[in-house]
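One chain, chain A, appears in both complexes that follow, with chain B as partner in the first and chain C in the second.
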Partner chain A sequence: MPAGVFKETYRADMAHLRYPIHWAGLVLGAGLALTAPLYLQGYYLDQAILFMIFLIAAVGLNITLGLAGLISLAHAALMGAGAYTVAMLALKAGFNAVLAIPLAGVAAAVLGFILSLPSFKLKGYYLAMASLAAQFILEYFYSLLAPEQYITVPFETKEIAGVFFGEGVPLYYLALAITVLLLLAAGNLARSSLGRAMKAVRDNDVAAEIVGINVTRTKALAFTIGGFYAGIAGGLYALYSAGIGWEGFTLLVSIELLGMVLIGGPGRVVWGSMLGVLVLKTGWTNLESSLSPLLMDMGLDIIASTAKYIVLGTLIAVFIILEPEGLIAVLRRVKEYLRLWPYSY
Partner chain B sequence: MDSRVLAGIAVLVIIVIAAGFLMMRGGEEAATGTTATEAAGGAEAGGKEITIKVGLLVDETGPTSDVGKGYAMGAEAAFKYFNDKGIYTKDGVRVKIEYIKRDYAYKPDQAEAFYKEFRDKYGVIAIIGWGTADTEKLADTVARDKIVYISASYSAKLTIKPYNFFPAPDYSTQACAGIAWAAEQKPGAKLALLYDHKVAYSRSPIPAIKAVAEALGLQLVGDFDLSLKATEASAERVVSDAATKNPDVLWCGNTISSCSLAVKAMAKVGLDGMLLANVWGFDERVVDLVGDAGKGRMAGVTPFVYPMFAKDMGAKGIDTVMEAAKAAGFSENDVNLRFVQGFLNVWLLVQAIERTDSTALQEKGGEALKAALESSCNGEPFKFGGLTADDVRFCPDSHLAHKKVYVVVFSDAGSLEIQGPYEAPSQVDCVKATIQG
Partner chain C sequence: MRGTRQLFDVESWKVDRVWDKGELYKKRPVKPETLVRTEHILVEFGGIRAVDDVSISVRRGEILGIIGPNGAGKTSLLNVISGFYKPKHGRVYYKGRDITRLPPHERVKLGISRTFQHSELFMGMNVIENIMVGLHPWARGNPLTYALWTPGVVEWEEWARERAEHVIDLLDLHEYRYHIVGSLPPGVQKRVDLARALAQEPEVVFMDEPMAGLTREEKEDLVRAIIEVYETRGVTFVLVEHDLEVVTDICDRLVVMDFGKVIAEGPPEEVVNNPLVVKAYLGS
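This part shows the complex of A and B:
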């Protein structure tokens, strides 16, 4: 705690903004986010939108995995449920794609609840295997829904009052508003009784049950809420993309999301997820666009095509072994060091 | 009311006002962002040279890389060759093409990400593209962005999209002509269809094939799911299934790797039929890939002359291709059908540039290129020194270039023989059959 700042009430101690630096961070962050279209060109604005979409999905997985300790390898499939809900409603029923986003969340939440059923009996690797099976079943189902590899979401369904929400500034602000709302909700969830129950189940489910926590209900909620976030992310992705297909929601995407959570900081729902997505999605995309052509020019095509997975695998292994709390813990140590610098303690 | 709630409301109001302001501003930017000067990417008309940016989207590492590598080599050689030789607009202004290459490994989502990079980061006015799923998926977006998209996908669905072009008949028309050829060889034959049921490219001509087979009196005995990434074992299983129906003709709608495995499997299970492959399923390499198993058992449709036949057929365009290949450091052996396909797509773009004037190119970008390509409808067709089965014309309502294909047969003697050109039968509208599904 910084010197000279005292908290006299529980409410003040639990506030999101406790220290002056938090307020400064909020003003700076909000300012940067709100004015992003002024300084980000089209391509980078697009990257910002994609960042927010994957951030929402990663937050969802962080709730399921980081808070409740339930391994899910089907998170991309849940994202797919949201995306297909929006696409099918828009394409088959002429439903407005923007307004269908909440339904995408609900559809994926229902699916998340169904996926939670095995977790009542299974945990650890066995639960991971069950979710893996769910991922493959859903992938197959999606391939039946879109046998041509894609479903286009008609442009006209992406408009509200003449404003096109399929890309650019309108989509950026829509994604920003949804992201802020969901991050606030996720931040509060982690501090609520439900969040504490999830942590208790994660740390020791038998002990949690003994102290009166309904473990079954908690696990079901962790999957359902995680699914809701994945669905909203998928719905936004359907809005962002010219068309969606099962190949956008494969096991590899699930593993990428898992990597984002593990590398960013499992259990640190907002900031951990944010760091993970920043490194593995935005950072990698920008690195890849310059690294891949370079490797290909050097005749290293195979490395260029597999570099992503080599890096992803290495990073996951490094963080699991050396820093299980993720990048957020590394940053915390840096922050503490700088706070005391030049003294050692 | 709590002061923090008031502060929250104030922040929300500021967010809404800021968003409204920037959305209006963004709209203005989008409107000016499509102007040709920006889209043309750093024009220098004063210096009598214009630089335009073009995206090159290829698959060199994904499931279609067996044919994608050669295509990419041909396209790159063409860019280098025409840039060095000089591309001039109608009014004599030199145009330099700066191309940006990306390997999307046949992943439609990755293709879209690269498309956005091409458009938003580099401001390209044209793209030399690749696969069916990604090209079809992006077709409405490229039309909206007014970016000319010349693809390696010859899907029938693209012939009605305003900004999509390719210098060949669509897959459906090609397949119809091929099936008509097969029906001539084996009247009343039993026909089996082998293709990847999850891949848009493989599925593309199937409705047209079914329609034309019925019209020509062929008996369709079944659809069999042959994966684009088939292994010897999986190909053998699929062919064994097909063999139970005793087909005389098998259509292979995949690329050369899986089609070759299917022919090998035919020999192994003792199925004496003819396997007719789509344009990407057969080329010069089958002789080595399939060996004796393919002799008298395999053929492929192609709307282009194979380099090995070009000289005898008087296709002088091959000299241009060879010259470009040599200049780019490729050997004669590197120049195969795939190389030619990549080369011709860029050549088409170059010819379109030569039909525009510099002002239109700078001010209208892709729109000017589209007009130039469609000027062939009632005007001079695009010619490629005899390398295409027919001259190429694009009309505003249909970008079906022409309707002719050759059939290349892997003969009993073990050599490749080219036959044709053959035209798709008139009894069936093959493009319509595919579009209507």
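This part shows the complex of A and C:
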């Protein structure tokens, strides 16, 4: 009897589902996701939808930042590009908002490509500064687009064949379908030759060039693909949200997304992002709603309103110092421990 | 154990696919051909001439050693040939074709590979991935087909993996396959570096100080690997090296550089007795 799972073909070694536990996870996860509207209603269903929206955006940033190592502080602005594309198309051209979502992805991808231009020459902090500038420029641009602050996507454009995709169960399933597709695509990208090329650029861009990788093209692709994901997330956000304003896509949101990637697991495109969003979006939102009344009662109003960012900043710092590979590495260690238990190796 | 296992299976290497360059490694008589030729290369760093009017040629089927004291311009010359530096003057030819303006990743496709002095590997990736990255220039696909994981992409991945496994076989890297490269000892890292270059099926491999920082045993291992690839594949090697013992042992020809100029050229035994070379190495 073999002492473990052995793969006999390279194809089996490359597969997403390699071990029995993966299949179990798939069945369980798919079952839970498909039946969620049965036991999640109202606020909680909204939370699930928001989770998926931010998951898509975080996966995009994980491709740019985690795989290719390009720091982008303008990811929220890219999300905004997607949201405004859908909103403007629906508002000005009467375009169907649901069908406009792919266009939102394309628009943000083009913007992502433009954002990649500084990365051809800049690295590290300087690239972060360049993307910071882009974030503020785009924020300002969005505030010009809608001086009255909020753009409301007309309700009738959120409809296809009588089904209203603006909220509730239809939106949940729409978001679920898009999320699954994009996550699968991201997983494939990460294990492909392009994914390896991106990691090579991240680890050592000089060697990557000499080894035969077109570094410029790889960086451009990383930003473009990341932008596409952000755009789709933004488009879904435009469907979900009653009104779009530039406050939804500020630098703080960018940093929040950065935190999700860094805390979840940079470079682990699917699972890392999922953990990050779970902790920082879903986990934190629920914790905050129960924590802030408590802080208010204690007379710590200032802390109550800024607690989120204090915790976010602290968490990012702690993870960068103590666990640069993110929560997923912690989970892997736990898994290894359980696998070997009761032996130590 | 080492001797009993067949290290290298020539037939299985030539994977029969359309995009395979398999031809390269067939045993064939070595044509007396110049592979790489540089003409009057000049590289300057702020007024200091790192490489000064250097013309060398690398012939097919030889192991050429480029030696010289520290700061002689050996690595700079190598960087010019692999395309990392643009020379101020002079041209680089590969099989008669002018490649002076070609970006590094294009040169790899032509058959020029190199390794680095400080094993410039991708430290966050495992050995397999590091080797497969070297095959990226031949990758078939675009972001869309990668994302969809089309049959073509899968087939290519299998082909690349197979080729990586052959090099792993050749350089005895089996046990490290899934190890993160950053955690491996320097001797093994050098072998991974060489493996990455060899997976590209190059015609000529430039090795920048391969022996630097290795123990005697690791050096012997690496030399054995080089000789084996040289003999079974007919790959041309250019070693930029400090270690005179290694160089005089395995090289067919030596080029000696000092202060950016070529001061001697010829068979090892002749070169090491050249008074100019002795002076450059030992001081006046």
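Here is the rule we go by: the second predicted complex is superposed on the first by the 341 of 345 C-alpha atoms of A that agree within 3 Å, B and C clash if a C-alpha of one lies under 4 Å from a C-alpha of the other, contacts with A are read in each partner's own complex, and residues count from 1 in each chain.
Going forward, contacts are C-beta pairs under 8 Å (C-beta built on N, C-alpha and C of every residue); 3 or more make two chains touch, one makes a residue touch a chain.
These figures come from a predicted structure and were not determined experimentally.
Engineer: When the two structures are overlaid on chain A, which partner does A:Arg11 contact: first (chain B), second (chain C), both, or neither?
Structural biologist: Once the two structures are laid over each other on A, A:Arg11 reaches chain C alone.
Engineer: Applying the document's definition of touch, where does A:Thr314 land relative to chain B and chain C: first, second, both, or neither?
Structural biologist: After superposition on chain A, A:Thr314 lies in contact with neither partner.
Engineer: Between chain B (first) and chain C (second), which, if any, makes contact with A:Gly267: first, second, both or neither?
Structural biologist: second
Engineer: Is A:Gln149 touching the first partner chain B, the second partner chain C, both, or neither of them?
Structural biologist: Only chain B is touched by A:Gln149; chain C is not.
Engineer: One more residue to check, A:Tyr173. First (chain B), second (chain C), both or neither?
Structural biologist: first
Engineer: Is A:Arg202 in contact with chain B, with chain C, with both, or with neither (first, second, both, neither)?
Structural biologist: Touch partner of A:Arg202: chain C, not chain B.
Engineer: If you stack the two complexes on chain A, which partner ends up touching A:Asn286: first (chain B), second (chain C), both, or neither?
Structural biologist: neither
Engineer: Under the contact rule defined above, give the chain A residues that sit at the interface with chain B and also at the interface with chain C.
Structural biologist: none
Engineer: What does chain A use to touch chain C in their complex?
Structural biologist: Those in contact with chain C are residues 10-11, 13-14, 185-186, 188-189, 192-197, 199-200, 202-204, 206-215, 221, 225, 267.
Engineer: Spell out the part of chain A that touches chain B in their complex, as residue ranges.
Structural biologist: 30, 34-35, 37-38, 41-43, 45-46, 50, 143, 147-150, 152, 155, 163, 168-170, 173, 177, 241-243, 245, 247-248, 285, 289, 292-293, 296, 301-302, 304-305
Engineer: Mind listing the chain C positions that touch chain A in their complex?
Structural biologist: Contacts found on chain C: 82-84, 103-105, 108-109, 114, 116, 120-125, 129, 132-137, 139, 141, 143, 146-149, 153-154, 156-158, 160-162, 196, 200.
Engineer: Touching residues of chain B toward chain A in the complex: what are they?
Structural biologist: The contact residues of chain B facing chain A are 11, 14-15, 18-19, 22-23, 25-27, 30, 33, 60-62, 101-103, 105, 107-109, 112-113, 116-117, 119-121, 132-133, 136-138, 140-141, 144, 197-200, 203.
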